[in-house]
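Two complexes follow with subunit A in common, the first pairing it with subunit B and the second with subunit C.
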Partner chain A sequence: MPAWSVIAPYWPNLLSGFWITVQLSFWTLLLATPIALAIALARETGPRWAALPLAILVNAVRLLPALIVLYFVFYGMPQFGIRLKPFAAASIGLVAMGAAYMSEDMRGAIAAVPKGQLSAAAALGLPRTHAIRRILLPQALPLMIPPYMTRAIIMVKGTSLASMVSVADLTAEATRASSITYQPYVFLLIAGGFYLALNGILALIQALAERHLRLSRRTAAA
Partner chain B sequence: MSLDFSSIPTVVPALLKGAAVTLELTLAVLVLATPGGVLVALLRGAPSPALRGAVMGASWIFRGIPPLLLLFFAFFGLPLMGLTLPPLPAAILAMTVYMSFYFGEVFASGLASVPKGQWQAAAALGLPRHRVLLRIILPQTIPAALPPYISHATEILKGTALAAAVAVPELTSAAKKVFVVTFRPMEVLIVAAAIYAVLDAGLLILQMLGERWSARRRARS
Partner chain C sequence: MTAPIVSVKSVTRRYGSFMALDDVSLDVMPGEVVAIIGASGSGKSTLLRTINHLDPPDEGQVWIDGRLMGVAEGARGPRRLSERDLRRQRSEVGMVFQHFHLFPHFTVLQNLIEAPMAVRGLSRPAATERAEGLLAEVGLEGRGGAFPAELSGGQQQRVAIARALAMQPKVMLFDEPTSALDPELVGEVLRVMKRLAEGGMTMLVVTHEMDFAEEAADRVVFFDKGRIVETGPPAQLLRSPSEPRTQAFLQRLLRKDR
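Now for the complex of A and B:
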């Protein structure tokens, strides 16, 4: 193992890269989640004119490599006069990717709630938005959490692609430090450790959320 | 500014050459990671708790760090340990390791879907263990494992774009090489995206054929 003296000069860069990765993860998750939920609800409970174009859009995005989507935003958009900073371009690309995949996960959970529930709510005279909010979603939510967290971890790992459109994230800083010092495995291992820590936190949140839902369901049943 | 595809015919050969490398990389990883995944799934059920724990730890690590980092590790890190690989084999190695653990999860749940009694019944009939596995157990895991298997296979296809980062001349890096010359990224990216869509469609057709084949097999037996 090389001395701390090799790592020390690059430690602040690694930390700032890690902070960028945390920010990218935070923003992509924060923006992708409501978009994905809206898409999933529109496709499962909305009218056909909304469901069909969304289905085509989601599947088109899901067919493409994430890197190509990032290239579209970062290299392609300037052709239409939209010039974005690397961080903004990467965020938009990652949100588009994440929302498309996440909406599929959520659709599965929504479809798992028996259709009769909404019909019964309609028969009782509940307004549709009310039925979705108070009947459908509370039942779909517990089913959503495991695939949601799996997707969140995939999205956190996916932020490493931002390094390919010149965002100075953790992966970018680690590779830069490696190519200067010729000590790749040191910096790549450190970066890997940071990513594992981030994903470990997400896994912990998942466990807590699942426990919380189990508890709240038990009190609801009692 | 509008799209102008007039220069595309001149760059299509370069993109198709990239697509060939993408296909080559996808198939190589698919062929190598499939038995790798079976191995991981079997080791997860190994009798030794130390071995089981080691495999699960490795699975957690390899599925927890970005594949891009693994690629850099194979390409830049391994030479320091005395193993210098050209870009394509390095990419194949990194993606095979990564996907083996994903396939391991898929096959483990496939194996779990086969009732334990099948092992015992086959053992009672005096079949050797490896034949039980190959002829009795694995064929029964196919219906449960095939859909997630193919969806991971399309992940491999899309993941090959990462190899652009370690100078493998696959489709995405071919597209970038072209559009930094033509200055019309949008058109080139649209064509590259279309090629990816065609390759994806090929895998989906394979899934449909596979599902029909396994349904027919089950109907016959």
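Now for the complex of A and C:
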């Protein structure tokens, strides 16, 4: 292990990189989640004319490499006169990617709720929005949580791609320090430790949420 | 002569090229109990879903209590009813499904009060009082706190009947209400339905229970390939059907019973 003296000069940059990664993760998840839910609901319960364009959009984004999407936002959009700061460009690309994947996870959970539930709600005369809010979503949410949390972890890891469009995130700072000091393993190890800590929190939340769901389902079905 | 409370007029419903309903007409009088029989895939269930517009007909009309389903009478002539108004209209028709479709995340009581509160604007105490009365009627007094998964199939179906009744519908549609039940649970559901029939409720019942059709129905309708083949009082239609197709269907059923 090299001396602290090797790490010390880069420590503030690593910390600020970590903070950028946290912010990027936070905004990406915060924005992608409602967009994904809206897409999933529209495709599963919305009017037929909305389903096809959304399916095309989601698949176009989903089937592209994330890096191509990020490059497109950061390098491609200025050609159309849309110039964005690296952080904003990366956020937009990551939100688009994340929302596309996430909407597929959520769609699966919504589709897993038996169709008869909405038929029964309709037969009772419940308004559609009421049926979605009170009947469909409460049954779909427990099914959504495990894939959602897994997706959230994948998205947090995916923020490291932002380093490729000049965002000074954790990955960018760690690689920069490695290439200056020729001590890659120590800085990559530190970066890895930070990512582990961040995703560890998400994994912990997932475990707690799943335990909570198991318990509440047991009381409901007991 | 009184007017029919349900009037199906030349209704056609296709799924792709498949004719689920082919020019079907049927009038049901207030208080009448009509049993609809026929092979699976013959269009019986589609007829029920067409009546309450869960599956709106491609052609033809459905009238409930003198009002045309799915159509609003505007100042400038009839127009298509908005989704919201259609739902309101639909709430006058109760429906019971083969697989109950109770809301599993709600208690029995919440299943019964959700729609009366949201659609009819009943207060919680008023809806609860009505629900408790209905639970007693279907023999489930005091089970309001249970979750559907804690009940047997027969109990769940009785809750589903109570849930539909909580909207005080003018007509009740039953789509094979006992087909998903263990044989020993069929009786308790049929008893509730018979009591409802005796109470004067108008009922359309898609069923394979010939005993129920014989004992509780005023009229039996035999369906085949999306068309009404024959209709008549149970004693006549079930004992001495005039159409060869009805005879063949009933003979197949009898053989299965033995």
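Note that the second predicted complex is superposed on the first by the 213 of 222 C-alpha atoms of A that agree within 3 Å, B and C clash if a C-alpha of one lies under 4 Å from a C-alpha of the other, contacts with A are read in each partner's own complex, and residues count from 1 in each chain.
Heads up, the rule we're going with is that a contact is a pair of C-beta atoms (placed from the backbone, for glycine too) under 8 Å apart; a residue touches a chain by one contact, two chains touch by 3 or more.
These numbers were taken from a predicted model, which means no experiment stands behind them.
By the touch criterion defined above, A:R211 lies against neither subunit B nor subunit C after alignment on the C-alpha atoms of chain A. Partner contacting the larger number of subunit A residues, of subunit B and subunit C: B. Once the two complexes are laid over each other on the shared chain, residue contacts for A:K85 go to neither subunit B nor subunit C. With both structures placed on the common chain, the touch criterion links A:A122 to subunit C but leaves subunit B unconnected. In the superposed model, A:I135 lies in contact with subunit C only, and not with subunit B.
In the superposition on chain A, contact is made by A:L196 with subunit B only, not with subunit C. By the touch criterion defined above, A:S178 reaches subunit B but does not reach subunit C.
Interface residues of subunit A facing subunit B in the complex, by the touch rule stated above, are 60, 63-68, 71-72, 75-76, 78-81, 153, 157-161, 163-164, 171, 174-175, 178-179, 182-185, 188, 191-192, 195-196, 199-200. By the touch criterion stated above, subunit C contacts subunit A in their complex at residues 52, 54, 83-84, 87-95, 97, 99, 101-105, 114-115, 118-119, 147, 149-150, 163-164, 167. By the touch criterion stated above, subunit B contacts subunit A in their complex at residues 1, 61, 64-69, 72-73, 76-77, 80-81, 157-162, 164-165, 172, 175-176, 179, 184-186, 189, 192-193, 196-197, 200. Taken in their complex, subunit A has these residues touching subunit C: 114, 116-117, 119-128, 130, 134-135, 138-139, 220-222.
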